[in-house]
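Two complexes follow with subunit A in common, the first pairing it with subunit B and the second with subunit C.
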Partner chain A sequence: MTTATASGNGFRRFARSIHIPPVYYILILIFLVGGLLDQIFADGQIFKNPAIMLNIVVRSVALGIVAVGQTLVITGASIDLSVAYTISITAVMSSYVMQGKDVNVPQAILVVFLIGAAIGLVNGLIITKLHINPFICTLGTSLILSGIINATFSDYTGKVPQSFQFFGYGTLGPVPVSILILLLIVLGGWFLLARTKFGSHLYGVGGNPEVARLSGVRTDRVLIIAHIICSMTAVLAGLFLVSQMGSGAPWVGPNGVYDLNSIATTVIGGTALSGGKGGMWGTLGGVLIFGILDTVFNQLGVNPYLKTVLQGAIIVVAVASYTLRSKKEAA
Partner chain B sequence: MANETQEIQPLMEVQHISKRFPGVVALDDVSLQFYPGEIHAVVGENGAGKSTLMKIISGAYIPDSGTIYLSGEKVFFSHPQEAQLKGISIIYQEFNLLPERTVANNIFLGREPSRFGTLDIRQMNNQASEVLKEIGVERMISPTALASSLSVAEQQLVEIAKAISFKSKVLIMDEPTAALTFTEVDLLDDLIGRLKQKGMAIIFISHRLKEVFDIAEKITVLKDGKFVKTVSKKDVTPADVVYLMVGRALDHYFPALGKPEEFGDVALKIKDASNDMIKGVSFELRKGEILGVAGLQGSGRTELAQALFGVMPFKSGSLELHGKALAIRNPYKAIKNKMGFVTEDRKAEGIAPRQPIRDNMLMTVRAIQNLFGVIHKDGIGKSRQLVPMLGKQVDIKTDSFDREAQFLSGGNQQKVVLAKWLASDADVFIFDEPTRGIDVESKASIHDMIRDLTRRGIAVLMISSELPEIIGMSDRILVMADRKVVGELPAKSSEQQIMLMATGHATTNTVTAGKE
Partner chain C sequence: MTTSTLTPQTGSSNILGSIWAWIKKIPPVYPVFLIIFITLGILNHSKYQTLPGIMTFLRTAAPMAVIAIGEMMVIALGGFDLSVGAIVTFVVLVSSKLLANDPANAFPDIMIVLGFGVIIGLVNGLVVSYLKVPSFIATLGMMLVVRGGALGYVGGAPQGYLTDNWTAFGRSYIEKVPLFGRVPYALIVLIVFTIIAYFLFHRTHYGKQVLAIGDNVRASQLSGVRVKLVRVITFIICSVFAIIGGIMIGGVGGVNMTVGTGVEMQAIAACVVGGILLGGGKGNVFNAIFGAFTLQAIINLLNLMGLPKPYTDAVQGLLIIGAVAYAGITSMRKR
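And then the complex of A and B:
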């Protein structure tokens, strides 16, 4: 009777001991294949160009930020389909309040964070207190938000002051600010999940709510907080997008498919939809995979629908491999 | 020793505990004392009230009447957490660990050591190490191992560690060794011995008399929710305890047994059949015969039925249906070959609760029809008269067959399941717990119906955990234990004979006994 199941070879055990999520193997594979395609079809101009390489990450920032929140709620065996329209409402409201003036920025930020917190609170309350399936609940709030936005705003609204665009385009030395923001958020998400009581309780709630409850975890409160944080990440993503575009449009959220893509990248990263299992670094891996696909397909000028096909295939393959792995471990 | 403990104040005492559930008295005025440093087994047949009593002690159920005293002080628990904080921990049969979290995380879930909400992981692992050391398993289990990487026995040790970390004084274990191997059982025995040394009161529920006699010092017998007797192990034999557990008259009329001269050819013949769940099963089942299958929970009874019906097919050995060798790889094939399976879990596997009674009854008929065949709400062709006919045959009490099956009583639901299989024209029936949770009246009529089937030449394999039912209905009795057939008994064997065999205290060398 040893504690380790001792499956696999030395390298895999090493990777597990330092907790490299398996999604990074897929990431490396896609990176290599992308580089190969680049060599063949574009003489390596993408992968030799550091600006384009950085762009992989820059393109992933908004999705990455939402995926952090999505990872939290999914770890708690919940889900949030309303993030896309939370992003939209953030974009239009913040630019509407800012009206291109620096002085309005603090108010705008306050307003959108209040809206975000309210959305998360409502989602969390409906799911925990009314016992509505989280998929249905957030689908409902998502539709409500979309109706409100489309009835109120139809096109670009307001303007973002020049200074605010620093978040989207600024650099600190050679490093784009946006990348630092993403890193900061992912680090924060990791800290919450792996290093706080809240995170520990969230794993409990997602893994087995009854066990968590009997162990003294206030399960409802934990899940509500997770939903509030998730909506806040959507607000952050919305602010980031607005700073990139200079103005807010009601369609930014749904156009970026941030709801389904954030769920997809979370799941590719190894977080189980059934909850209780997963982590933030895996999600970052999932987001970077989508970023590489995006960049490579863009630069090579391939039909973008093919990218969608590939994304779909990666989701299925990744999740299937996790299922097979855990089956093998159980045996 | 026994005299000494009598003078010590009991660590925990329950007085006049009663608990009723709709239609059943689960516990009726039960009083018991548990002393520090004592290992106390609570035994009884299924439905004796053991689990209900443990759930009341640990705060999962609130008793209708009666009081609990802890170290002489009256206590009341409205939630398991309250009992836990008072030092009463329970370890359920199904494990309650988060598989994807570490041992330390599991032990301290909800009470993680932290500074300003930030986990103190080192502190948590250290404390977990200490607890593991306290029960002497620190070299076996690392605090940072994932729970899912542990064996069943190790998971159980973690649960015990979790209980210890609450500074428990009373530890309750529900069938602690049900899933363990022999060496693991030894390990657990050792540990229980050490906990006893610390002055804890250890209570465990078990079906296995052998283990009760190996581990416990005191044995309390419950029967039908009532206290029967508390005895010291050294004063009794296993047979005495079995007598206390089952010593009662059959409380229900059963139809007459079949006459051996009327049994027909062998309908179903299994030889050395095994899969992952059951080992080397052999038996023959004749037309017109009811073969009872008895055994404790986890002995492989249901798994046998599932293997026969192709739910979890046999991987080796042979199966002959009416003399024809056959591999039943899935339920479709079983139904095609005229087998019927009335499953144990009526709600999950028997009826489609939201479908009308009519569709439930026609389910098997439609299953073997052409997939794109036309269906009519009453069935088509000659099956059109089926629903009213079946309804009459099984005597379902309903005003309309269009009513959703979920609105019927348990007994009537079971009759719908029965009708479904009658409709399939099966000639080999498997019943798994045919009358569990059914009122007495429906019980009798279902028993009559099963016997009627055999009079029409149908072969019946009937699994039941209710010994009176096994004895009252079976023309022969197979006894299973440890996922094997351990022996065969003739009709009208006594409950003691069956229990002794099923608990591993007696075996017969019949042709059907498993290898070794």
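And then the complex of A and C:
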């Protein structure tokens, strides 16, 4: 009896010492259940075929990149609803500037990153200097961006050169480049959040902005930087998507529901919407859950409407699995 | 001596001052709405300065106003309801199948969708209260469930048309009303639900408790407010109002797969333009209604100026930010 609890405690202490976010237990559960269902009702590819594992990750790359930025702003108790249209603008602008020519690639990348930085800067400035609720601010900028992009482009625009598609489809040995990029971005995000002064300040701003300010953190600047980085990750996701599609279309971002999905994955990953709590690896787990669900549903041939219903239910259940024990009332 | 000569003066300035204070207390949404509406009247006299024209405007603005009232209550509680857009889609799609092109089915259909509204709100409220999932995520999940369920039920395409007696709530008028000419049903529905919401929110303990919870959950809990019950009731009210709004929107727009897209954001925007701050603790039924009216008037104004839809979105975005910035700056000055 005592040994059992002791070993249980030991396991817990071990798990805590290597900081496995609880989302990974859900991830493994969903993977096992999905794989089993696949064995019983379909051809059992999920357990047999390692390529499908890679595919799960490749499917999650764009969402994963945005979710890294979203995690940063949510940690700072902010939110960004404008990422979907930032993705669209990037996709369209980059393929418009490239026009299928290699020489135009650097300037296209420069242009879209400047646009992204500007969007993030504006978001951050409005939120911090005008004291506007981030939800409303980024909803507003999202509407503005959607207006601009739908007024100027209505269909596939421009073309990316063949070489640029390496970003989306290339492989280094057996590993797709896209996965490496995702890992790099997540690592970068983790480093920023967990290993730099900026990260600690961001936690402080998210947890209690007044305390952070009184202890000498330039809260506004921290939040503005977080928003700029968030928009930059959206730009990167847009570049990745356009390299896969070959040409940019204005509906890329909203059709992928990158705004709400990135928020959902971040929260599933254990980052609190109220800020000040969370981490990058949890978000990666949340993103992989979305990827696995997508793959499992495809394998089982679930009809698309049921898929939507199940996705909604699983988001709520996943988040409920840790909020359930909290003593604080949700809002 | 000096005081006696001064008193009448201060008295008169007090009256002026109190009038000025009263004017200053009027939320900015009312003058803003008035200015936009008068501009509309100047640009198109026959459509916006005649009684039938105003009635037509109220008919188009009423559905969003009803939805905004429900959303306002959830916002006052400190939460969000992102599922109202999916509820509108649900009402229209499910009704297109349930009606089976027979006017006799209209009443049972409305009862059934209202029942679903209660269930949706109940689940939202229970998930937020008992599973402690933030309402943003809970209602986001519900949005997917409701939309997927509705699309799955009709098989991905509308299954018929909406009968005339069903669409009457959004589309038709009562003819030959003395004094007013023709009055849209939508306006009557709006008035009825405004009265209900007004009594619930401004005249009962329930309304005060909603505001208390939005202001400080812990404090209201300690002072004996049944937080969970109030939450569940509020989410049910919001969903039911969204169902009513959906019936009216369906009446105007007809069967359409994308009918509810973005409605949740518009409802939140309407509340915000009406001066209701996100985060809870503040709310007013009439401000929410006029927030919705103002948004509709802005859309009409931009249409009248011949701007295509994308620009309308962009200007709407700018105005939302502007409205909140204005409210923020004035409230800061008070402090």
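Quick note on the criterion: the second predicted complex is superposed on the first by the 315 of 331 C-alpha atoms of A that agree within 3 Å, B and C clash if a C-alpha of one lies under 4 Å from a C-alpha of the other, contacts with A are read in each partner's own complex, and residues count from 1 in each chain.
In this text, a residue touches a chain if its C-beta (ideal position, glycine included) is under 8 Å from a C-beta of that chain, and two chains touch if they have at least 3 such contacts.
Just so you know, these numbers come straight off a predicted model, no measurement behind them.
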Touching partner for A:V97 - first (subunit B), second (subunit C), both, neither: neither
Contacts of A:G216 with subunit B and subunit C, given as first, second, both or neither: first
Touching partner for A:I89 - first (subunit B), second (subunit C), both, neither: neither
First, second, both or neither for A:V296, with subunit B first and subunit C second: neither
Residue contacts on subunit A - larger count, subunit B or subunit C: C
Which of subunit B and subunit C A:I26 touches, first, second, both or neither: neither
Subunit B versus subunit C as contact partner of A:K307, first or second or both or neither: second
Touched partner set for A:H131, first subunit B, second subunit C, both or neither: second
Contacts of A:I185 with subunit B and subunit C, given as first, second, both or neither: neither
Overlapping contact positions on subunit A, where the subunit C interface meets the subunit B interface: 329-330
Subunit A partner contacts - residues on subunit B that touch it in the complex: 80-81, 84, 96-101, 105, 109-112, 114, 117-119, 121, 140-142, 145, 148-151, 153-154, 184
Subunit A-touching residues of subunit C, taken from the complex the two chains share: 77-80, 82, 127-129, 131-138, 140-145, 147-149, 151-152, 156, 217-218, 221, 227, 265, 268-269, 272, 277-280, 308-318, 320-321, 324-325, 328-329, 332
Residues of subunit A defined as touching subunit C within the complex: 126, 130-133, 135-137, 139-151, 260, 263-264, 267, 273-274, 303-313, 315-316, 319-320, 323-324, 326, 328-331
In the complex, subunit A residues that touch subunit B: 1, 3-5, 195-201, 203-204, 207-208, 210-212, 214-217, 272, 276-277, 329-330
